[in-house]
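Next, two complexes with chain A in common: one pairs it with chain B, the other with chain C.
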Partner chain A sequence: MGRRLILTGNDAAAEAMRQIDPDVVAAFPITPQTELMHKFAEHVADGDVKAEFVLVESEHSAMSATVGAAAAGARAMTATSANGLALMWEIVYIAASYRLPIVMPVVNRALSGPINIHCDHSDTMGCRDTGWIQLYSENAQEVYDNVIQAVRIAETPDVLLPVMVTFDGFILSHTAEVLDGLEDNVVKKWVGEYKPKYSLLDTDQPMTFGPLDLQDYYFEHKRQQVEAMRNARAAVKEVGKLFDELSGRSYDMLEAYRLDDAELVIMALGSTAGTTKVVIDELRAEGTAAGLLKIRCFRPFPELEIAESLKNAKAVAVLDRSVSFGAPGGPVHKEIRAALFGSSGVGLVNYIYGLGGRDVSMDHIRSVFKDLETIAVKGTPTDNIRFLGLRE
Partner chain B sequence: MPGVKQLAGRKELMAGGHRACAGCLPMTAMRQTLLTAGKDTVCGCATGCVEVVTTIYPYTAWRTPFIHSAFENSAATISGAEAAYRSLRRQGKIDKKINFIAFAGDGGTYDIGLQALSGAMERGHNMLYICYDNEAYMNTGIQRSGGTPKGTATSTTPVGKVVPGKKEFPKPLTEIMIAHRIPYVAQATPGFPKDLSDKVEKALAIDGPAFMNILTPCTRGWRYPMEESMEVARLAVETCFWPLFEVEHGKFKVTRKPKEKIPVAKWMEGQGRFRHLFKEQNKHIIDEIQEEVDRNWAWLLKREELTQS
Partner chain C sequence: MREKAWTEIPIGGAIEEAGNAETYETGSWRTYRPIWNEETCIHCLRCWVACPDSSILVAEAKMTGIDYEHCKGCGICAFECPVDPKSIEMKLETDVDKS
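== the complex of A and B ==
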């Protein structure tokens, strides 16, 4: 039996963490992640969880302690946002390289400067090459479901990579939604007990973690990481299927919404996908063949599936909630362009939008679809990198 | 507490064949520490000489579990491992007693790792943090650190026409750790192995965080003949430049009081890094260092008197 819950995104992540009940959680407060940790702290204070809760003095130490805990055989988690993630950066790479299956909710927020506490994806997009699996969430339900799935994805034996579950700061983290929760024992059984192959605490079989890896072997170890990330594709899909069997909610790397016969397609991540769905319903009622291709899993990137999903589209707009300075478009757009390389006919346009929490309205989305009508006829425009909702 | 002979009879936990320089006292400190701590010890080390010379893949000199993560986070990393241990022990998944030791050099402790160290000590993890203090960033080529003595010639404080080496006195790190009011703080050096070993044993036996600052002369950085390492370490103590003492729950105890307090210049003259200070125009710097040593020593004895009574 499921449970009907009313939770903010932060509370949904904390609820999933309570049910997963990791061995160690190390964290440092940063807006808008704070309430996630407040909620988890309440679970600790009430004795609802067995986790050792390590309240470190910085995000750098949060990730370092999480790495130490995971290397010691614990199921370990942390959570952060924006500048906190930036401060962790060095150790974010190390966590992935050491193949530690850490799960970290990241509440998306703009990077400084200037300082801004609201949503964009510059934090997690900035670490798209750190070797972490990245799952983006559209709503509180997905936050909850993704955090639970992330544990099994990360711990898949031929993967062993950390997972970031991202969700939009304030837009999702601080707004309450209705969602379906699973029973505690169901989650506990489904995530199972973590049985690491190696642990620092196994003093009878001492292991050295993090040796100096020079010209002789570093390259081969990076190759193994590449392979693990490849294996993660199957793991994300497989865990998504198993989760469907458990909950009745299916997950894949992508989600198509009214896409089959869509000619005009928006691609988006996070909460904007939800806004786009509403606009699509309206446009469909008006007779426009609009559709959405939502990216749930940005790392590993599902390029083949994207090319296949867009093969009937006439025009595609990629919405990027972050900017890649000096690059040919936002980070998502660049990868879509690469995925579509060689596909003939489809007009492609990029919109940078919503930086620093700038609201994206249904009218904005509608204007994008309007642009796509022209692009569907004329093909990729010369001004193919545009700004949405910007005063110029 | 075991004597040096007993320790020498124990199984070596730091394998030979690592790539440290001949005469490297940081490695002697590691060896003495591990012989005392025993095999059920999880070790971490910051980026630095010790990490580099002991773990060139696919080899490791560590016969205990070991983790290196980065330069500034030895304390945070081991605090995470210790948290995992506490959690798993509470859940009944592990029951043996395990020691946790975080190592870092002076660069990784006085400077870039100070925040993580302070945080880990304040949080009360049951761990020992050992700073192997060789008074400069030796691994990257002898650059000055916050622990480098005044007047020292280093790669970033070279002796030039107008600058006679490092201008500042070192940060009083041991004092900073005493100010954290943790259960145990001590200074040691491998030049006095029994003293070092006793302190490690005590630090590990105490419930809660412990800190040791271990002076470990570096033949390359300090520029003295490699066979003199132990003598250089001992002389640092006999001149009271590096007093051996411990602070246990606030009580000071000086563990070695030199019969005759030797002038600090006797310790400095054997080291190339101080050679320029013996020129006439720089001798006032030696006087300043002597004054600082005298002041620190007197204050140490005073605090022993105040807290032991």
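== the complex of A and C ==
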């Protein structure tokens, strides 16, 4: 009953959106997201979807229109990249604070400046404290699957938080891959009809969204968001299981690849996880106990599962495709270091890599595993924050 | 009114009850207080029309006073008052308190 498709990452996201057919989509173009909305706009023009397609004058407006639509009770989506996400920033927080289950593909691209259109994770990593759930995708199949799952995760009654589905700009967004698609009616039935908790258009229950919230209640509303993000852990896992029953493709917060007996482990998210898997297969053939622990869900962060998954590792390298300036390492590394706090003396090292789309090759990944051989013996090095693929 | 715990309130800051701004006292925000002079007031009710916080009290088509529990002291009433000299004047809360 599946459909074998050849799609770019952008087209895979647009295909998922076509099948979800949200009530409202607001869009503003930005490289490398532009083709995603081009494709969706085609579906609108061809009458394939019933969605109200709102063309706005900026990303700030795109997120504002999406928030407005969601508050009105619509299933609403938008998509963006890098500087577009930065321009949305104010409203990105508001979407999460108002507990609106918006789904937004974000095609990862480096933030300016200097201006750069290629992949890194500085855009979505900067959003890690906005209160959005974040799913990172390794390939076009995961882009498609994550967008569909995101709807159910976001709309889980004890969650009601917006979800970003991220995928690497150009590396995934503009390269075609073979993937398995679901039938239209299957997706439609699985995501189901959206029943909003609140609707501004519900005249039987007149209500207010976004009132002033001062010293008396703002703190309590933030505590509710903390709880929703905790509940999201179970939702991500449960929706992943249900999606497995639907498609035969299983999803969790983490994905382990040849990890069980691995001594040398790379942690990565996005397309680099795929590159790492290929290198691991080669190293395994050469007798090296290499493995991968991929983070699919960065928010909420699966710290307990990570500590458990790494308990047999001797050395771990965390690959960060963004910088946290002035901080002890990249954003992913910092959280993994915190997750491993108090754990046995596993050697931990951080590699900042691939900024602005700098290519990460199999040789780079191989060199990281080579470093891990030493770290497995000597423990965490003093120069534990390193740069991979940088001209020194 | 007892302030509620995070488990007892609607999520997202939503207000499920219509018209409950009446129970939320905003008068303490005021810097300037409108002082109404009943002697010179012509009861044109321009202040009542213009007040953004429904704080002009009216009974039987005549102004009866100002609701200081909700008036935020914006001064629109005094600005709109057509009487010369005006029958609504804005005075610093700190000065009013002293008097």
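The definition used in the following text is that the second predicted complex is superposed on the first by the 392 of 392 C-alpha atoms of A that agree within 3 Å, B and C clash if a C-alpha of one lies under 4 Å from a C-alpha of the other, contacts with A are read in each partner's own complex, and residues count from 1 in each chain.
Heads up, the rule we're going with is that a contact is a pair of C-beta atoms (placed from the backbone, for glycine too) under 8 Å apart; a residue touches a chain by one contact, two chains touch by 3 or more.
All values reported here derive from a predicted model rather than from experimental measurement.
A.B. asks: Chain A superposed: clash or fit between chain B and chain C?
C.D. replies: In the superposition, chain B runs into chain C.
A.B. asks: Between chain B (first) and chain C (second), which does A:Val165 come into contact with in this model arrangement: first, second, both, or neither?
C.D. replies: A:Val165 sits against neither chain B nor chain C.
A.B. asks: Is A:Ile365 contacted by the first partner chain B, the second partner chain C, both or neither?
C.D. replies: Neither: A:Ile365 stays clear of chain B and chain C.
A.B. asks: Under the stated touch criterion, which partner chain does A:Val56 make contact with: chain B (first), chain C (second), both, or neither?
C.D. replies: First partner only, chain B.
A.B. asks: Quick one: is A:Ala65 in contact with chain B, with chain C, with both, or with neither? Answer first, second, both or neither.
C.D. replies: In the superposed model, A:Ala65 contacts chain B only, not chain C.
A.B. asks: What is the contact status of A:Glu90 with respect to chain B (first) and chain C (second): first, second, both, or neither?
C.D. replies: In the superposition, A:Glu90 touches chain B alone.
A.B. asks: Output check: A:Thr208 vs chain B and chain C. Expected answer is one of first, second, both, neither. What do you get?
C.D. replies: A:Thr208: touches chain B and chain C.
A.B. asks: Contact-wise, after the overlay, does A:Ala79 reach chain B, chain C, both or neither (first, second, both, neither)?
C.D. replies: Neither partner.
A.B. asks: Pick one for A:Tyr217: touches chain B only (first), chain C only (second), both, or neither.
C.D. replies: After superposition on chain A, A:Tyr217 lies in contact with both partners, chain B and chain C.
A.B. asks: Among 41-49, 113-121, 203-211 or 221-229, which stretch of chain B shows C-alpha clashes with chain C in the combined arrangement?
C.D. replies: After superposing on chain A, the clashing stretch of chain B is 221-229.
A.B. asks: Residue by residue on chain A, keep only those touching chain B in one complex and chain C in the other, then list them.
C.D. replies: Residues 98, 206-211, 213, 216-217 of chain A touch both chain B and chain C.
A.B. asks: Can you check the complex and tell me which residues of chain A touch chain C?
C.D. replies: Residues of chain A touching chain C: 97-100, 160, 197-198, 205-211, 213, 216-217, 219-221, 223-224, 227-228.
A.B. asks: So in the complex, the part of chain A that touches chain B is made up of which residues?
C.D. replies: These residues of chain A touch chain B: 23-24, 26, 50-52, 54-58, 60-61, 64-74, 76, 90-91, 94, 98, 199-203, 206-214, 216-217.
A.B. asks: Can you tell me which positions in chain B touch chain A when the two form their complex?
C.D. replies: 39-42, 44, 51-52, 55-60, 62-70, 72-73, 75-88, 90-91, 94, 96, 98, 115-116, 118-120, 122-123
A.B. asks: For the complex, which residues does chain C have touching chain A?
C.D. replies: Residues in contact with chain A: 3-6, 9, 11-18.
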